[in-house]
Structures are given as C-alpha cells and as structure tokens.
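Note that the chains are named A, B and C in the order they appear, and that numbering of residues resets to 1 at the start of each chain.
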Amino acid sequence: MAVDSKTLELRALKDKQYRWIDRKWDAVFWITAAFVVGAAADITKQLFAGDWDFWTDWKDRQWWPIITPFAIIIIGSALQYIQWLAWRFPTGMTYTATAMFLCTLIGRWLQWGAFVYYPMNFVWPATMVAAAIFADWVLLKTKSFVLTSLIGSILFSVTWWISNYIPMAAFLQPAQWMDRVVTVSDIQGIEYVRSQTPEYLRIIEHGSLRTFLGETQYVSLVFGATVAVAGYWVGQFIGRGLAIWPIGRFMKKW
Amino acid sequence: MTMRRRVHRILWAVLAAGAVLVASAPAASAHGEASQEAFLRMRTVSWIDTTFSATTVKQGETFTISGTAKILDAWPTNLAKGNPNTGYIGLIAPGPVVLLKERTINGVSAPSRIDVQKGKIYEYSMTVAGRRPGKWHVHPAFSVKGAGTLLGPGEWITVEENPDGFDNPVTLVSGGTINLENYQLPFTWIWLVLTFLIGLAWMIYWTVPKRTVTNLAVTSQIPLNTDGMDYGLITKKDHRNMNWFALGTALLLVAGWIYQSAAFPDKMPQQIFQFAPPDPAIASAPVFATVGLGEAEYDSATQTLTVQAQVTNTGDTPMNLTQFTTTTLKFATGTTPGPGVMTVSPSPTIAPGAPAQVTLTMKDPAWETERLVPIGESSLLITGVLVFEAGGEKNYTELQANLTPRFE
Amino acid sequence: MTDVATPTTERPTAEEPEWKPGRGPIDWMGGWRVCWIGSLAFIALALAIRIFQQFTAWSIGIDASSRDFGLYYRSLFIAEVVGVTVATLMWWGYLVRRGRKMVLKEASHPEEVRRIAVFWGLVGITSVILYIMASFWPNQDGSWHQTAVRDTALTPAHIPMFFLFFPLGITITVGTYLYGRYWLPKIYGAEKGFPWSFFFLIAASVTEMAQVAMNEWGHSLWITEEIFAVPFHWPFVFYGWLAAGIFALWAETLIRLLQIEGEIEAEAGQPAEEVA
C-alpha cells in the first residue's frame, strides 16, 4: 500500500533528533509533574473521601465504595486527557495513581504513623493503581474519552473496590470484645484513641429498611460506578478547560 | 544601604515584639481545652469525683479512669441545638499513647456511642492500657454530637517501657488470637507495594524507551481519537504488551480474591451500637437540696471567686455541702483557703427548713491558668455542680451564678 | 559548546556567555541547576520543620495558652510570616528590576533554551511547593486535628502549612510569571497581555490562601467536629484544581522550544545536529 507524504513526514518528525531537546526534558517533566499531580489527587481524595481512606473502621460497604472512586478518578481523568492529547500515551490514570500512592504513603507513614503513632495496619491507604491500569487500558483500546468515561469508569470502580477489599478482608473478621462481637476494624477504631473523632462521627452503613436481601454492597458498587462517571467528566473539564484551553491564550493587557 | 538598614531595623522590631508576645503563661499541661469558651465548658458537662487508679504503668498494663459525668440541665441552646442526643465517653490523649480496653457506663458495657439527654448522669469506668513510653496528659472526655468534645480533669500518666515487650491481643470468634499492633501488616504492605510496582512498570514502559516531549510535534497534527499507529506513536507491540499488563493485573486480583475468601471466610460489616444506658441509682435518689440562681464575683488580685446563693434543704436531716465541681476543676469543702479548697460561710452544714444564704469562696490560680473566668465572653455565667450529702444519700445539684465583672 | 546565532532584529544581543563545561543550557549543573537545587531546598525546609515538630509538638504544641508554645511555636509562626514576606518582596523586586534590563536585550537561541530550562526549573519548584502544601502538610493536619483539641488557628500542623507554604505558593507562582515575562518575552512578554495559564495558577495559590480564613471560621462556628470530608473544606479542592494551569506553562514553553529548533534549522539551512 502506498504511504502518503504526510505520513512519511510525521514518521520522520516522530524520530527527529534535535539540537537542544534531549531526554533530560522528559525526565524533568515526568519527575517534577509527579509532585503536583500526586498532590492534586491526594488533596482531592483527602477532602472528599479522606476519613474513609484514613481508617479501617470507616471502610464500609455502603459509603466507601460510592465516595472514593468519584474522588480519585477526577485528577486521573484530567491527566488521561492531557497525556493522550500531548504525547499519545495511555498513562494519565496510572501516572496519577502511582504519584498519588507515593504522596499518600509518605503522608500516612510520616504523619499518621511516625508523628501520631497510629499503627499502619489501622491507617493504611487504599490503592488506586490496579483500577488505573484498566482505565488506561480502556483508553488505549477505544481511543475515545466518551467510551473510557463509561466502560473505563465502571471497570475502574469495580477494580478499585476489589483491589482494596483484598487487604481489608482480614479486618472484617468477627472478634470478641467488650461483651460483644464486632469486627477487628471496630476494635482498632475504639482502642486506638482518636480523641477528636468520637465513634458517632463515622459515616458508615447503619442499616435501612431496604437492603434488597442484603445486597447493600452491590447497590453501592453500581451507584459508585455511575458517580465515578460523573467524576470522570469533572476531570475532563479540568484537563480541557483549565490545563489545555489556556495554552497560548492571553487576556487583554491591563 | 539605607534600605537594608531600614529592613534590618524593622526585622529587629518585629522580633522584639514577637518576644514580648511570646513570654506569657505556664508550661503546657493542658490539651487546648483552655481555648474553649469558659461559660460553655462550665455549663455543658460536669465531672464529679474523677479518679485515676494509677499514674504509672508499663506498656500493656492497665489502669482505670472512673467518675461521674453529668450533662447539665443548663446545657446551652446554641450547642447541638440545645438538645444533646448522641454522646461518646472517651479519652483525650496525645494520640494512641494509651489504649481503651474496656468501658462501662452506669454499670453496663458500652463499646461505643450512647443515647444521651440533658440532665442525665453517667457513671463511667474506663480500663486503659499503656502503649507508648513517655509522660502523657490524659483526660476523660464527653463528646456530644453536634457540639464537640468536653474535657474532664486530666492527669499525668507515665507509661514505662515493658521489658517483656508489648502486644495488643484480640480473640477472633473463629478462634485464634491476633496482635492488633501489626496484624496483617506484612500482607498489606506487600499488596500495596506490588500493585504500585505494576503501575510503575507501566509508566517505565511508556516513558523510558519512548521520548515524551518531542511527540508534541506529531500529536499536534493528528486527530485526538487516533492512536498514531501509522506514525509509530503507538505500535501493535505496545497494544499486545498492554494486554499482558491488564491480564496480569486481572490475574493478580483473582489470586488476591481467592486468598481473602479462603483465609478469612467469616466476615461481617462494621458494627454500630447505640443505646441509652440505664439510669444510675443516684438518679432516683430523693432530692433534698435545691439551689437558687447565685451571684458571683471574681477578684483577680487574689484570684478568688466568690459565689452567693440561696440553698434550701427540703429533707428531714441536715445536709452537708462537700464539694463544688465545674469542668476540670474540683473544690472540696475545707476551712483553709487554697487551691482546690472551697470555704463555705456561714457553714457547709445546712439545716432542713428555711432557705439559707451561703457564700462560697474559692481561691485558686487555676481560675486564670485554665481560663475559666468568662469575662470577655458572650455570657457571664459560672455553672457547676454542688454535691450535698445527707443520710447516706447524695444530690448533684446544679449551681448557676451570674458573674459581675469589674471594669477598673 | 556555544552556538552564536546571527541576530535578525535590530535589538542589541545579550553578550554571549561562555558556558563552562558541564554548565551549558541543558546540563544538570547548568540550566537545570535551579530545578533540582530549588526543589531540594524546599523539601529540606519542610523536613526541617517536620523534625522540629517531632520533638516538640506533643509536649509543647498541644496547648496554645502555654508559655512554651509561645516560645517555640508562636515564634516560629512570626518568623515564617516575616521571613516569607521579606524574601518574597526581595525576590520579586529583584526579578522586576533585573528583568526590566534583561527584556531589552535579545537572547541567542542557546541562551533562550537555557532560560526555558530555568523556567521549567521554577515550574518544578512550584510543583514541589504545591505538593508540600497540598499533600505533605494536609496529611499531618488530618492526623493532628483528629487527635488533638483544636485550640487556635495556630496549631503545630497549621503553622508550617497555612503560614509558610501557602504563602510560598503565591511567592513562587508570581515569581515564575515575572521570570517568564522578562526573561522569555517571546512567550510571556508584556505586550501579549496576561497569560490565562498563569492566571489560573496564580489564582489557585491566592484563593487557597484566602480559603484559610473560611476554614478557620468553619471550624469554629459551622461544623465543630473533626471530620475531614466536610463541605467547607471543598473550596480547597476546587481552588487547587485551578493549578491545572501549570500544564499550559509546560506546553507553551515546549512549543517555543520546538520553534527555536525550527529557527535554528532555518538559519543553518540544514537539519539540526544530533544531540548525543
């Protein structure tokens, strides 16, 4: 098949060597951007879903799966747009997830662990990385942000929950304590004194008259996935409106 | 150089002003409760007979904090909408330096939150274990939903290192004991790090062998929803490799799921307990003491609070006024004025019958160091609980006194 | 190796500096020096305060009414506010004074490349400061306030966060703009107007600072319990999203970098030399 000249030109352009642009520019970009990306993702997670992320006794089956995927997909979605648009890399969500993991880990270990001395098995952070891999994979396959927002967000939410339920499971075991049977995470929550966070502040499953034969978990997962779709588009607005739109645009002189 | 000298001068002036600002009150022994408004601290929860069974323990060794907390009838309307209904009796400590192991409220085991009401009395007992070696100020605390946390009197607790080591055993219903200090920690770390490494590998795949910034020259010329395969931006090999990544991640999740199902077959959701503890015996004790609205004055020169109030003994036998307690302060009736002492004139013994006018005098620097004189706040009110004893019974009677400020 | 470009305008060319070996426009010890030294310096500052807190926070920092608190923490607060104000005004003043002279001279291509590297260094430092203010300290803030009684706005967690690194966010974003305006006039020169990219980024740091006031009000009068995910915290997130403008800075300067390569090619009449 004959290849047109534009294609040949772009192929050559892709491999073109430059006088002043070497790999150091790439290194500086990826390493320095990781700080702001990880921090943006971390602060969004902390202030929208932080309490559920800080403590095992908040990681319930009703609120945690609804609130957290929404909070964490936002910045990843923005980065997906930016990195696909600029480099054609399906890496935005994974980049955000790995940068955020480092930020969260440093924060959790250095502050919650080393400063206030909560045991790390009580305050371990949820991971977003496995979910991010699937979201980026969907973008690579579909090349479409609309499809990624639907299929990718759903896969993202479910994968996120599975990848964090696995480490959480052990803390949901029933244990004997104070004449009651409670979960291991409940015991952590009461024994490891949190002076300014009395137990009644927990926003977790309280029970309701409608739980569809005990299927609270699945209702929350499905709803969480749809809320994540909304979060994905919030992220798209950030990427398109705040990161890309300003390029080369100026206000009138003042 | 004049500019620099001016800057230096300003800097020194600011530093000097700062130093003046900084040299004020005593060494830290509180937990920040001094910043809460005095009149609110006093008219919310009163702490009677707070006792610490020990002040030095080893890691893992327990001691007991017990006493009586009363949510006052005087509870203000601006906190929790004037209607406290959910509470939590717990501890204030600088982090989990101690562990709360057991708690009873009015004789029954109380794992977490309770229904509360204005005017009710809660006899609490908390068994606390030492955890982190050091010297820590620990208080009992009463948190009320919608209001915040009210602190009781604190005590310095020394936790010594335990030469036999320290763990926090918990018994699972399925059998077996786990150490809550580090249970599942290795697996959790491994899981989090492993998933992180997969993500890192994905990033390295794209950013190390391929150039990044120079791609912009090409991507700016092609449509958004194309992967640039014709130009070598993304290749078929990349697609295959990413499929392997996704498959590998999926398999890891399957393996993890099988592991947790097999290792922890019994699981349940986090538990919520909320109940109203039964009333203690004292709640149904015969009421023989009533106190009218008092008048208070504070003399900052002598650090003395004086309260005048009308007390009526409606019982058959004489009653003794034994103490006055408000928030973190306790004053036991005595004859020699001094910290922690309340002198009562004409007498702490009040005969049954006609109302008696009493003057309570409490001379204690704590009024100022604990910032409990509400001058400068939006309510000049002293509130607390007077403890009267007669014929083996006690009454916890609330006292409210309007404070007359002196502006000199 | 230096590359002297033939000026095509009538503006005087800046004197071509001879770069020492290893200190060229895109060498780690050359144009990239600002990036890694500046980033490490602010990380070191945050760690130094963190170490100070490790020894003092739980013994002294928990009671704002105590004398020791005044001596150790209130004084730190004052030092931070005074220090950051003085340093900021001095740096901005320097940038404006020196910049007004720099902008009059046309830079050669290698010099402009070096300046873009320095600019990316300043953007990198901005990124690091945003990390410290939006992740490093907020984690501590949550851990502190869910544990200790919030007694004043000057808690050990707030002091380095709200009163040092939040102001530094303003310092660095405005300073980076000033550098861009005067040292990279072909991208951010005054005659082009004010860039939207910088508007969003600077707005992020300024609104974050303003939100501190709403935060303290909210904690004292609106929701007095210590849940982290409370509504009056959300503006911190929304304002933080404005920092996405930082990506436009990388893009705008990268576009100029590619233009420079094109200009070099055009001048030489042949493709640019291969870079090792």
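Throughout what follows, a contact is a pair of C-beta atoms (placed from the backbone, for glycine too) under 8 Å apart; a residue touches a chain by one contact, two chains touch by 3 or more.
Predicted model only: the values in this text are computed from it and were never measured.
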item	value
Chain of greatest Cα-centre distance to chain C	B
A-C or A-B, whichever has more C-beta pairs in contact	A-B
Inter-centroid spacing, chain C versus chain B (mean Cα positions, whole Å)	37
Length of the line joining the C-alpha centres of chain A and chain C, rounded to whole Å	25
CA centroid of chain A to CA centroid of chain B, Å	31
In chain A, residues with contacts to at least two other chains	16, 18, 21, 25, 29, 86, 116, 118, 194-196, 198, 201
Touching two or more other chains - residues of chain C	147-150, 225, 251, 254-255, 257-258
Of all residues in chain B, the ones touching two or more other chains	31, 92, 95, 145, 149, 213, 216-217
Of all residues in chain A, those that touch chain C in their complex	16-22, 24-25, 28-29, 31-36, 38-40, 42-44, 46-52, 54, 67, 78, 82, 86, 103-104, 106-108, 110-112, 114-116, 118, 194-198, 201, 203, 238-239, 242-254
Complex contacts: residues of chain C adjacent to chain A	3, 25-26, 28, 32, 35, 39, 50, 53-54, 57, 109-110, 113, 117, 120-121, 123-124, 126-128, 130-131, 133-136, 138-140, 142-150, 190-197, 199-200, 225-229, 233-234, 236-237, 240-248, 250-252, 254-255, 257-258, 260-261, 264, 271-276
Chain C - residues contacting chain B, complex	58-71, 74-75, 78-79, 82, 86, 147-152, 224-225, 251, 254-255, 257-258
Residue ranges of chain B touching chain A (in the complex, touch as defined)	31, 86-88, 90-93, 95-103, 109-113, 132, 141, 143, 145, 149, 168, 170-174, 178, 180-185, 187-189, 191-192, 195-196, 198-200, 202-203, 206-207, 210-219, 221-222, 224-228, 230-234, 238-239, 242-243, 245-246, 249, 252-253, 256-257, 259-261, 263-264, 266-274
Residues of chain A touching chain B in the complex	3, 7, 10-11, 13-16, 18, 21, 23, 25-26, 29-30, 57, 60-61, 84-91, 94-95, 97-98, 101-102, 105, 116-121, 124-125, 127, 129-130, 132-134, 136-137, 140-141, 143-144, 159, 162-163, 165-167, 169-188, 190-196, 198-202, 204-207
